[in-house]
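Written out below as structure tokens is the structure these notes cover.
Order as written gives the chain letters A, B, C and D; numbering starts at 1 within each chain.
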Amino acid sequence: MLETVIVPRVSETDGAGHINNTTIPVWFEAGRNKIFEMFTPDFSFENWRCIILHTTVDFVSQLFYGQDVVVKTWVEKIGTTSFVLYEEIHQNGTLCVKGNAVYVNFNLQTQSKESIPDHIRKQLEEHLLP
Amino acid sequence: MLETVIVPRVSETDGAGHINNTTIPVWFEAGRNKIFEMFTPDFSFENWRCIILHTTVDFVSQLFYGQDVVVKTWVEKIGTTSFVLYEEIHQNGTLCVKGNAVYVNFNLQTQSKESIPDHIRKQLEEHLLP
Amino acid sequence: MLETVIVPRVSETDGAGHINNTTIPVWFEAGRNKIFEMFTPDFSFENWRCIILHTTVDFVSQLFYGQDVVVKTWVEKIGTTSFVLYEEIHQNGTLCVKGNAVYVNFNLQTQSKESIPDHIRKQLEEHLLP
Amino acid sequence: MLETVIVPRVSETDGAGHINNTTIPVWFEAGRNKIFEMFTPDFSFENWRCIILHTTVDFVSQLFYGQDVVVKTWVEKIGTTSFVLYEEIHQNGTLCVKGNAVYVNFNLQTQSKESIPDHIRKQLEEHLLP
């Protein structure tokens, strides 16, 4: 499992006083940096691979400015060309958000999906949801 | 159905050259202004009501900077305290993103959900998905 | 002068109840789409030209969610390779923010600045600050 | 001097391939959390104090996704009701952005500025620019 500590920013709150819901996908994406690195080790956008297909988000409990947040990222399933992540956000010991994200290994030059290579598959498997 | 025209911003793109996936929830939320107004006619955050519970997003086709986007918002279902939206984003005649959002009518002062009043229910019904 | 109407979004507010200061550069940039188009008529990032060098922002009056905003953009000065914009944001008849932005005509492939061509210079001059 | 390490996010880049200029004020604001805490120790927005008046930003060198960034925050000047910050962003040993921000100690309830109390003044002085 990948763990990413995030310090909430004032700009990520909204007028209702807590973290705005549109901040959640930003934090989830921030938690995927290590996944992106498996597919694009030099982090260059010319070689970018991970294209998002689908997300679901459950907002369980309100998140606040002023306390660190932990994003937890698991690999739930690995297909031929795509993979599914399961993700949680915790604050102050409480599960606040959970969700899924489906990504495909996409070649932006040829505009076609490609099989996930074995060496990346092995790296993904290290973070499999038990 | 509610229609909101949005002009993509440079800051909403990412290094891969198209609109970043985290921009989509921002545009969907922008398409809900009229819904928020039904619950909070003065748009004040002290009287804010609409709290998001759940979202799903399907990324169907890439979105680009340089051409206007239309967000289409329908009410899919109205429950006792909550309602479900069905939303689409179109660019250049193509359906690019679709999704659902579930909101609850929440009283932030008492921290409890409340029934959707009849006069709001009627306004929501004007935008029901056929 | 270029005028861009912007509808404030919930995600652009912060916990203090008004529009967060980090939203202002986003709105100013949104007001520059027509300027970007002069330099990059196809809006493609491979041919992107406008690189920002400097900004100043004066926060004159608070901005709120619930009422449209107008971004006004003038060209203040045109140099050999760079140009200066003067920009204002108005809400409800009140000047709320004003600022400057300096851009250079930059060739990202050669990583060097280039003279502003005459046909673009003429387009910029149409929006000169009186 | 306050130091804040920030991990760039994909959503903070733009189509031109580097960090978008509108991300910079977000990172600078993230670097001010300790300053905000001096004025509002419980981080609550009802007791919020720091209202921004003015910013300047110099974009010195491009910032990229894939490498950590350090935001450095100094107090440049402390007035009766306001204070000036000097801020820098470094990546890979290079100064990439520098700027100033002017804040006022503002009472949102009475909508009036107030003197900076001595105990806060002392905390600010610990981070004075040499």
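The rule is short, and it goes like this: a contact is a pair of C-beta atoms (placed from the backbone, for glycine too) under 8 Å apart; a residue touches a chain by one contact, two chains touch by 3 or more.
Computed from a predicted structure; not experimentally measured.
Ranked by how far their CA centres sit from the centre of subunit A, the chains are topped by C. Of the two chain pairs shown, C-D and A-C, the one joined by more C-beta contacts is C-D. Computed from the mean C-alpha positions, the centre of subunit C lies at a distance of 22 Å from the centre of subunit D.
Inter-chain centre distance (subunit A to subunit C, centres taken as mean C-alpha positions): 32 Å.
Looking at subunit C, one finds that residues 10-11, 13-17, 21-22, 26, 29, 45, 65 touch two or more other chains.
Partner subunit D is touched in their complex by these residues of subunit B: 10-11, 13-18, 20-23, 65.
Those residues of subunit C that touch subunit B in the shared complex are 4, 7, 9-11, 13, 17, 26, 29-30, 33, 36, 42-45, 64-66. Those residues of subunit B that touch subunit A in the complex are listed here as 14-17, 21-22, 24-26, 29, 45, 48, 51-59, 108.
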